Structure formats: C-alpha cells, structure tokens
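Please go over the structures that come below.
Below, chain A partners chain B and then partners chain C, in two separate complexes.
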Partner chain A sequence: MTSHILAAFADIFQPMSFAFLFVGSALGLLVGVLPGLSSPMALAILIPITFGMEPFSAFMILIGIYVGTKTGGAFAAILIRTPGTPAAAATAMEGFPMAQRGEAGRALAISIGSSFLGGTVSWMVAVPLVGVIGLYAVRISSADLAMIGLMALAAVSSLSGRDLLKGLMSSCLGLILATVGLDELTGTPRLTLGYYQMLGGIPFLAAIVGLFAIATVLVDMSEEAVNAKPPTNRGRFNLISLMRELWSMRKQLAVGTTIGSILGVVPGVGSDTAGWLSFAYVKRQIEKGFLKSDRKIGEGVPQGLAAPEAANNAVTGGATIPMLTLGIPGDGSTAIMLGALMLFGLQPGPLFFHESPDMAYGILIALGVANLTTLLAAVLLIRPFTAVLRIDRSMLLGSVLILALAGSFASTNNTFEMMIALSFGVLGYLMHRFGFSIPAVALGLILGPVIESNFRRALMISRGDAMVFLTSPISLICIILLTLLAGKLLYDFVSKSKTQSETQNNQPTNK
Partner chain B sequence: MKFITSSIAGVAALAAAVAVSFSGASIAQDFPSKPIQIINAFAPGGATDTAIRGLTKMSDNFINQPIVIDSVTGGGGVTGILQASRAKPDGYTLLVADTVMTTLPLFQENLPVSAEDFRPIGVFNLRGAWLLARPSKGWETLADFVAAAKERPGELTVGVPALSSPQHLAVIAIEDTFDVDVNIIPYGGGAPTMAALLGDQIDAGMPGAPAGLDSVNAGEAVFLVASTELELVKFKGDMISFPEAGIPHDLGIWAALWAPKDTPDDVMAELATIFGGMAQSDDWTNFARSYGVTPIWKPLDEAEAYIGASAKSMSDLAKLIK
Partner chain C sequence: MRHALIQELLVLTAILAISVLVFLQTSSIMDAGGSQVASGTFPRLAAGTMGVLAILRMLMFVAKLRTAKSPAEKARTFDGMYDWNWGNMHRIVAATVLMVLYIFLFRLVPFAPLTFTFIFLVFLSFGVRPWKRLLISTVLSSGFLTILFVYIVGIVR
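Let's look at the complex of A and B:
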C-alpha cells in the first residue's frame, strides 16, 4: 500500500497532472462562487470534454472541481451574503458581518485556511483507514440514519433563530415542505398541487437559492439594509497572522473537521448539514461563555466562520472513499465520478485497488492534494474577488438576482425552478422579517426525506417493531442525546418564562 | 458600398434558402447539419446516463456533428420526457429513456406525457436485475433462497431500488413463480440497495446491473439469478437467468433512444443508421461488456415490438403487487 501511495504522489506531482488538478480547483472555485451552480452540474458538463484525455488527467480535473466548489461557496457567502453552494450557507452567518466591518480579506483568508485544514486533516485520517471506512459506512442502518438526521435537525433548530418556538416552527415547515413529491415507499404523490414538476419533490437547489440568495437580495433592498454598512476590505493579507489566528481557533477547527469527516460517511447527510452543525457548536460555546469572544454571535465571530468551512471540506473524504472501495457513491458528485470511471472502462468496487492501483490510489491521493491546489488557486483569487466590493450595491444586487435565477434554471434546465426560487425568495424574506429561522427550514428540507424514508424503512424491515431504534447502538445514542437536548430546552424554556412572568408581576408594584 | 455588400449577402442568403427548400427531399443526406441534443431525464451518473455516454463516446466516427447529452431532471423523470416530447420533431432533439417509459404510467395517473408521444429509434442495451445475497447466508443457488423464503414466510427482506421498478417486478415474478412471500424494501436507488446488502441490513438485494458486479467478482456477494439473459457480460462463475430458472418472465431493463412522434420517416431512418452504427461498433460492445450490460441493437419497428412486449409483461406483473 505504501509503495502505491508513494507512486500516486509521484504521478500527481508530475507537472501536467498537477496543472490539471490546479485547473480543476480553479474551475471548481468559480462554480462554487456562483449561486445555483453546483459541483454535480459542473462535473456532468465536463465529462464529455475529458473523453479525449488520459483517464488519470481527466480525474485530476474532476477531483479538483469537486474539492474546489466546497471552498468557492464561501467567497460569495462572505462578500455578498449569498452562499454560492448550499454547503456554504452557514459561512455567511459570521462571514458577511466580518466583511461589513471591513475585514472581507481576513474573512476570506480564514475561510480558505479552514477549508484547507479541514479537508487535509480529514483526508490524512481517512487514508490509512481507506479499507474500513466503506465497511463502516454500509453498516449504518436505516434506523441509525433516521435518528442521525433527527439529531442533526434538533441540534441546529434549537440553536438558530432568536427564540426556540420559532426555530422549531421553522424546522417543522421545512419537514412539511420535504414531504412534497412521490412517497418513496408507496409511490403515492403528495402535496404536488397537480404539478407534475413536483413529483420529484420541491426542487432542492432552487429552493436553497431562493431561501438564501434571493431572500438576501430582497432583504438588502428593504429599508433596514439601506442604513446598514456595506462590506469593505481594509487591512492587508498577512500569512503569519493568519496562521496565528487559525492556531488560536484550533479547537473549533478540530470540531468542524470531526463533524464533517463523520457526516461525510453518512449517506444523504452531507456537507450542508455538517456546516450548520459546526456553526451551532460554536454558537453554543459563545453563548455559554466557554469561548471568550468580544463579539456576539451574528456580529462576525471568526470562529463561527472557520468551523463550518473546515466541516464542509472535511466531508469529501468520507463521501468519496465508499465510492472507490465499494462502488457506492456518497453524494451527487461522487455518483457522477463513479459513472465517469466506468466510462473509462474502470470498475470501482472491492477489487478496484487491486486491479487498477494507479487509478485508485491516484484518486485517493489527489483528493488530498486537491486541497493544496485549491488553496493556491483561492489565494490568487482573493484580490480579484474582493474587487466585487467596489461595485455599486444596487448593480450587485441586480446581478445576484440574475445569477441566482440563471443558476436555478441551469440546475435542471427548467423554468419551473425559477418560479420555485422566486417563491422561496419571498418566503425567506418574510421569515427574516418576522424572525423565523431560514437555516432551520433549509435543514428541514434537506433532512426531511432522510428522516422520513429511513424511519419508515426501518419499521418495514423490522415489520413494525419499534425496538429496532433501541437495539442499534448509533440510533440509541442519538435517542439519548435527543432526550437530553429536549429536557434541557424544556427546562430553559420554563425557567425563562417564569422569570419573565415574575418581572412582569413585579413591575406594577415597583411603580 | 456597405449597402451593396449587405445586399449581396442578402441575395446569397436568399439563394441559399431557396436551394435548401428545393433540396427538401434529400434532407436525410444533409442530416445532421447541427449538433444533436439527447435529453436524459434522470440524474447524471446513473446506469442509463453512463450507457448513453458510452454509446456516443466515439460518435465522431459516425457523424460530423457533436452529440450533446443534456440532463433535464426533476418531476420523477417526467420533466425531461415532457420537454423532449415538445421539441421540434426534426431529429435534433432526442430522448434517452429506459423501461421507466412503460412502468411510469402503470403507477401514476394523469401524466402529461407517455411513450405514445415518441417513436423509438432503437433499443441499444439491455440490463438484468439480479438477485444478490451475501455469502454468509450460505445460499448458492436460487433454490436455496426459495427454500429459505418458504421456511420463514414474509420474513426475508429483499431490497429493491424503487417501488414499481423492473427490479421490484422481478422480485414479484420470483414470489409468484415459487409461491413465496418476502418483505420487499424500497431503497431509493441502486447504490443504497447495494450498501444495505453489503452492510448485512437485508437478506438479499435485487439491484439493476451493473450495480454489484465488482462485489460479486470479489466474492463479497453471491449471484442467484438474473431477470434476463446475460450473454456477453463479464462475470465470474455461472449465470442463471429467469427462463433457465423456470420463471416464465423475461424482465430486461432496456434503454432506448426516442424521437418526438411527428419526426418524419426519412429522419428516423437516418437516425437509426447513425446510432445503429454506434451500437454495433466494437468500442461500444467492448465497453458494454466490461460495464456489465448487454449490447443489443433493435431499430425502429423491431424496437416498437420489443418495447410493446416488455410493457405487456410488466403490466401483467404489476397487477400481482399486493
């Protein structure tokens, strides 16, 4: 194995291979920046172009794109508060306020650095475990998946939004919206309003673009935003101070990387969820005073930016390895890469590492090196991208709207998706006005199908016996955590309303 | 001067237009004069997507125009099929779709589009659904599986990619033939079905080829039966198909190229020649074999008859679903 790995490193650091990986990363960054354009889309477009190439070189480009998009999403999130990819939605929470403070460059540097560290560290842990990661991934049962999804949803919705009730209401709205479409287990259409376009469910990418990009444009056009500070960039990029800063956030980075690495292996619960969970962790740390910060969450806390960025890059290893070792893709992008491998006459699966070691180890190692090429490409792009900040705000908002609509159209080549994006934009704007949590809706939409179909599938397998959720260790741990969380929230809620009613009662007597 | 050049250009364009309209009869000889778009209604990376990309990979050897594969997903596949049906019937916008064209109307009412809105150019590959189990189960043949199913009625779990898919119908065919009852679990795709099988979460799985091919070759899964003939597929060990196992159904998952129904006959014939060339090329047959599907070529009327027979056998089986 070691000799294969060394050979793979030697192959990748050939000037041409490295150049292809770099080009892929740069392309991935651009795709990531544009809201609505996603890595599966870019990969599908590029596959025919790579036919004429050597399989190895072709895969350098594809892997570069896959890793690059994870980092690129943060650029738009920080500079225009519009996440370029769903996975970067959590990045905007602290990244944009930092840019408003004049620290756009610093925020970008932190996000790039965190992405690099998250991706690289999780990859370094994954490589020696390559033989077993796939085996653990397939052991996660339907019951486990349902409870992991529920746990992630509860953790995020309990922390996002200003008050708990509204957070929970938002999650429930997301879950209800997630039931739209064909019921996976019976084939019955649900809540499609007679639109055949909704048979496959609410178009997810379009809904996310609406909730995050279009809603942001609407908010920025409203009165409250006119007086808000525009994002700017002051100060110079300094590698040493960046490294010092990342070192000071090592704990948050480690947690983000861990969350991302683990969730990468869990099918259907990818980088979007990992980003929000890591953000929720930092938020809780600050609110509880475990993490000293001179700023409140939502006002541009660098740690709240670093953790989700580390997390969404850390998922790449976990999602790709089962594709290589078992032929089972972990997300949309890896599914396309699997198809591309087969087009080159390769057969990923248990024999892949024995039969085509050059290619198998090449991809495995490229996955790590791509973090480096993405870092290089991103550093070169910081300056040109911060130029966006000098564009007049009204022009920028118009462009974002056009990009968002074009992106949602391109996601499936349908105008219906544009309607969905606009509708969700209005929904997102209204939710923002009335203090509901947009992330909780988005996460409900993402996790709803995971939770529902796996919950019901688990019961189908056990033929209606609910004990299945208690007999599997992962599911059991999630249930215990969920119970503790619910108890804690209930306690906080009751004691808070008690103090509130007491202060209200005391007020008349004081007067 | 500018006026003169532009009017010369105008005259030239007019002449060209006249020439084109007079040469209408020889349209097929000029075909194709622009890129051909093939709409795939399902997510890129899936078996049909990979097959059509494999088929058209060497298209340069057959036509001078590029072939563009466009994924128009959403609406459970309906969106892309509908879009293709509404395209101009000139042979430049085609559809690639598999058995879903005949199974979709079996389970969904009031769909805005159906196979009636298309003419098949040709069926170009055939995949089996295959029944796989883990070696730890100790089953070596289909008979072992049937015996176990008889022993524990309704208890054996069999994963399928989706309800009402040919894979699901294949399990129904096994149940019906051997009078057994198994617990069918839909997994929402071939990949999760394989994952559940390899993770020992189900007793058996019935994914569509080529999912699981490598696992069987590696001894991680045992091959019990395939829903159709599997000649030409590179496979270690013996293969047994439904007809050989005494199951009176031949349930192939075929993939076909389609054109909107008003496409003229001469264009259809030309398309069949072009894609027939690709489908019978060594590049494609070698690729298909190693990929795990059977390369076939049934053009036009032959395709229509083949698809009709397949639709009939699937709708008969669908009636048996409880």
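Let's look at the complex of A and C:
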C-alpha cells in the first residue's frame, strides 16, 4: 500500500498532472463562486471534454473541481449572502454580517483557511481507513454488495429530498431507467421502446448532463434573478493574522472537521447538513457561554464561519471511503465521478484497488493534494473570481445550456444523445418542481446495474434460495436498517391516520 | 389550493401509470433467464415499489389535508408549492423549444459558429437589457465560446 501511495504522489506531482489538478481546482472555485452553478453540473459538463484525455489526467481535473467547488461556494455566501453551492448555506449566516461591517477580506481568508484545514485533516484520516477497508472489501459477497447498494440508495433518497416518499420514488425511477437496454445476463432487450439506440442502455453522460446541467438552468430561469453585487471595500488581512486566528478557533475547526468526516461516510447526508450541524454547535456554545464572543450569533462571529467551512470540506475525505472501497456514491458529485470511471472502462468497487491500483491510489491521493491546489488557486485568483459575481446571469445560463448540449453530442458524435440530455433536463425540471430528488435518480442510474447484477448473481449461486441475504452479517444489518426505514414510513402513516380520527372525533363536541 | 391538490394527484397518478407500463412492457420477458433471474424481475420489483410508494403518498397527502384545521395549515401541506412562480413558465417553454431547434441545427452543421451565435442571441434576449449591450455581449461571448469549445474538443479528440 505504501509503495502505491508514494507512486501516486510521484504521479500527481508531475508538472502536467499538477497543472491539471490546479486547473480543476480553479474551475471548481469559479463554479462554486457562481450561485446556481453546482459541482455536479460542472462535472457533468466537463466529462465530455475530458473524455478523450488519459483517464488519470481527466480525473485530476474532475477531482480539482469536486474539491474546489466546496471552497468556492463560500465566496458568494460571504459577499452577497447567496451561497454559491448548497453546502455554503451555513457559511452565509456569519460570513455576510462580517462582510457588511467591512471585514470581507478577513471572512474570505478564514473560509479559505478553514476549508483547507478541514479537507486536509479529513483526508489524512481517510487514507489509512480506505487502505484497511479496501483490504476487507474484497471479501464482500454479491448478496452483501446488493444490499449495501440498496441501503445506500435508500439513505440518499430519504435524506436528500424534501419528502421521504418522493425521494424513494425517485430512486425507484432511477433503478427502472438503469434496466433499460440489453440485459447483461440474458441478452434480452428491456424497456427500449423500440429504439435501437437504447439497446446499450440510457446514455449515462447525456442523462447526467440533462439532470444536473439543463434542469438546473431551467429551474434558475424560472426563478427571479438575484441582483446582489459584492461589496467593493473588503479590508486587508495578512497570513500571520489568519494563522493566529485559525489557531484561536482550533476547537471549532476540530469539531467541524470531525462532523464533516463522519457525515461524509454516510450516503445522502452531504456537505450542507455537515455545515449546518457545525454551525448549530458554535451557536449552542455561544448561547451556553462556553465560547466567549463580543458579538451575538448572526452578527458575524468568525467561529460560526470557520466551523461550517471546515465541515463541508471535510465531507470530501469521508465520502472517499465508500466511493473508492465499495463503489457507493454519497451524493450527486461522487455519483458522477463513479459514472466517469465506468465511462473510462474502470470498475469502481471492492476490487478497484486490486485491479487498477494506479488509478485508485491516484484518486485517493489527488483528493488530498486538491486541497493544496485549491488553496493556491483561491489565494492567487480570489480577486478575479469574486469579480465574476458581477456578470449577468442570463449570459452564464446561456453558456451552460450550449456547453451542456454540445458536450452531450461530443461524447459520441450523435444527436440522439442531445435529445436524451434535453429529455432528462425537462424531467429533472419537473422533478424539482414537484419536490422529487434528482440526486436519487442519478444514484439509481449508477447503482442500478450494481444492485441488479449482484442480486441476481447471489440468487444464482444459492440456486434461488433467498435466505442467502439473511445468512451474511453485512447483508443482514442492511436488511434490518431497510426494515427500520420501512417501519418509520408506516409509523408516520399510522400516526397521521390516528391524528385524523382524533380530530374528526373532537369536531362534534367543539360544535 | 385546489390546483395544487390536482397537480399533486396528477403527478402521483403519472407515477402509477409508469409502474403499470413497466409491468406491461416486461410481461413478455418474464420467462427469459429462468425463474430466479428473469430479465423482467428487477424492473418489476422497482416499478412495484414505486407504485406502492405513490399510493402511500396519495393516502398520506389526503390524510394530511383532512386533518388540517385551518386554511393556513392546509396550505402547509403542499410543501411550499405556492412559492413557485408560474409566471415564468414561458421562459421554460421557450428555452425547451430553442434547445430542440438547436439540436436540429446541430444535426445539419455541427459546431457551426453561426448556430452558436444565433442560439446565444435568443437565449440572452430573455434576460439581458438594453439591446445594445445584449448584441455586443452576444457576439463576443458566442464567438469566444465557439472557439474555446472547438479548440478543446479538437485537442482532446
């Protein structure tokens, strides 16, 4: 393992690889700065462009974007109170009041420093864990993998949407869409609606471009634009003051990093939850008097900015563990990256570290180094990037649509893919409109083949005996968790019905 | 409120219809691959679960509405549906029609700068004013985007 890690470091610090990682981080920062543009959207648009590159170089760009957007999201949150990404929503609570009182420079510096520390520390914890879990992951059976995939899907769908049932329905839709095309075990065409182009399944790239890029633009177009402009007076803040300040809030940074790292492992929880939980911790500390501050919460407390920023970047370290060892994505961005791996002919999962060690360790190490390149890019490019906030939104949205459609064409030189991208864009817009979860559909598309093939393989090995899912401890734990989730649904339903009957019984007496 | 209720029920009915369609589409392949691993089993499992969840959601939605004591409480049942601005729907419809047109033009002349310029101009016309600024920014940015995209695609392919 050590030799692979050292080799990965050597590969990443090659001038071209490092340059790609830096470019990715800079692009990620830029995307993060712009409200409405998200990490999954940038990844979806960039995949067709990187498609002809060497997989390693392509992933340097994609990983740079993934990490960069986490940091960039804070810029707009601090300067115009509009989070660039959902993960930075908690950052705006204390960051914007700081900017308003002329401390934008200090707030931006704290957010960049906290992001770097949170991401790096969580990655340092994740590396040995990935190694250990990677060793054991090869022993996981097909039944276990099917149930882990199903549980991850249920977790994402129940936590990512506004409504539990709608989230679960979204993942079912993703699973159905994943079965379109030739059945890989029997060669039977399924749900192709007579289109020969669909025999190979729904083109993943076009679907992702539609769901994350086109749908997002359509949603943005339907809402009234926010015309906030960043403040011109930011104040000065130097490196030594920043280090002193970060040292003084080491406890909040540590708590934020821990929350982010732990929540990153759980599929579906995401950076925004980690950010809010860390913010709630600081708020509680101030309210209880454990943390002394001249200001009240909401008036620009630096600790309330640092903890969420450390947390939402620490999620990247935690999310690495299931993504690389089990092939289970935790959110939209990691789902797209796993999809990109498959497009490059690689198979993420328990055997990934054994079959493609260069790529697997390369990604693992790049996730850490990306924190460094993001820090460099943020320090060097902060001024031009924050100026981007002044660009008219309609111009940005037009560019995204053009790049998205042209990108879906570029991957196969086929306009059918453009139609698929457009259809998924409209589907994604309608799903958003009616409160369904878009990441759950994407995850269904990614995990569908994994769950189905392992589910059927397990049944074939056991000659049709479904008890195979109960005899393995991992599979059994997953089934218990899924049963608990179903129990919660039933409990909600029964308690609602009970309230209803009680209300109806009370009505005549009230009259 | 009645409109929101009808919308919600229509969406859930559409989901039920998709489930039924999947069942009908996969009926002919239930014997392919043997009883345990039939090709149609997995899509049917997913569609069946989706259908059951849609029915459960419908029941819960109606139950919530019936228990609501005041109009305000009823309005909360719709998960913020009233926040949606239907007044901007023309933009969505126009953008979708433009994208179809763009795909059609793309089929004729892939990556043509003129196509980019034309579409960009129309996209921008939805938001940017005054017109002079719109024209200048359109020509500049569409030209830049075209060169950038063709250049990048040309390099990587």
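Quick note on the criterion: the second predicted complex is superposed on the first by the 278 of 511 C-alpha atoms of A that agree within 3 Å, B and C clash if a C-alpha of one lies under 4 Å from a C-alpha of the other, contacts with A are read in each partner's own complex, and residues count from 1 in each chain.
By our rule, a residue touches a chain if its C-beta (ideal position, glycine included) is under 8 Å from a C-beta of that chain, and two chains touch if they have at least 3 such contacts.
Source: prediction; values computed, not measured.
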item: Partner chain in contact with A:Thr179 - chain B first, chain C second, else both or neither; value: second
item: Partner chain in contact with A:Met460 - chain B first, chain C second, else both or neither; value: both
item: First, second, both or neither for A:Met53, with chain B first and chain C second; value: second
item: Contacts of A:Ala440 with chain B and chain C, given as first, second, both or neither; value: neither
item: Which superposed partner A:Pro203 touches (first chain B, second chain C, both, neither); value: first
item: Touching partner for A:Leu397 - first (chain B), second (chain C), both, neither; value: second
item: Touched partner set for A:Met419, first chain B, second chain C, both or neither; value: second
item: Partner chain in contact with A:Arg139 - chain B first, chain C second, else both or neither; value: first
item: Partner chain in contact with A:Ile61 - chain B first, chain C second, else both or neither; value: neither
item: Residues of chain A at both interfaces, chain B in one complex, chain C in the other; value: 51, 185-186, 413, 460, 463
item: Complex contact set, residues of chain A against chain B; value: 40, 43-44, 47-48, 51, 135, 137-142, 181-182, 184-187, 189, 196-200, 203, 267, 322, 326-329, 332, 335-340, 342-343, 345, 347-352, 412-414, 416-417, 453, 457, 460-461, 463
item: Interface residues, chain B side, partner chain A - complex; value: 43-46, 49-50, 53-54, 57, 68-79, 82-83, 107-108, 111-112, 154-155, 157, 162-164, 183, 185-188, 191-192, 194-196, 198-202, 210-215, 217-218, 220, 287, 290-291
item: Residues of chain A that touch chain C when the two form their complex; value: 49-53, 162-163, 165-166, 168-169, 172-173, 175-176, 179, 183, 185-186, 188, 190-191, 214, 217-218, 221-225, 392-395, 397-399, 401-403, 405-406, 409-410, 413, 415, 418-419, 422, 425-426, 429, 433-435, 452, 455-456, 459-460, 463-464, 489, 492-493, 496-497, 499-500, 503-504
item: Complex contact set, residues of chain C against chain A; value: 7-8, 11, 15, 18, 22, 25-26, 29, 32-33, 35-37, 39-43, 46-47, 49-50, 53-54, 56-57, 59-60, 63-64, 66-67, 69, 79, 81, 84-85, 88-89, 91-92, 95-96, 99-100, 102-103, 106-107, 110-111, 116, 119-120, 123-124, 126-128, 137, 141, 145, 149, 152-153, 156-157
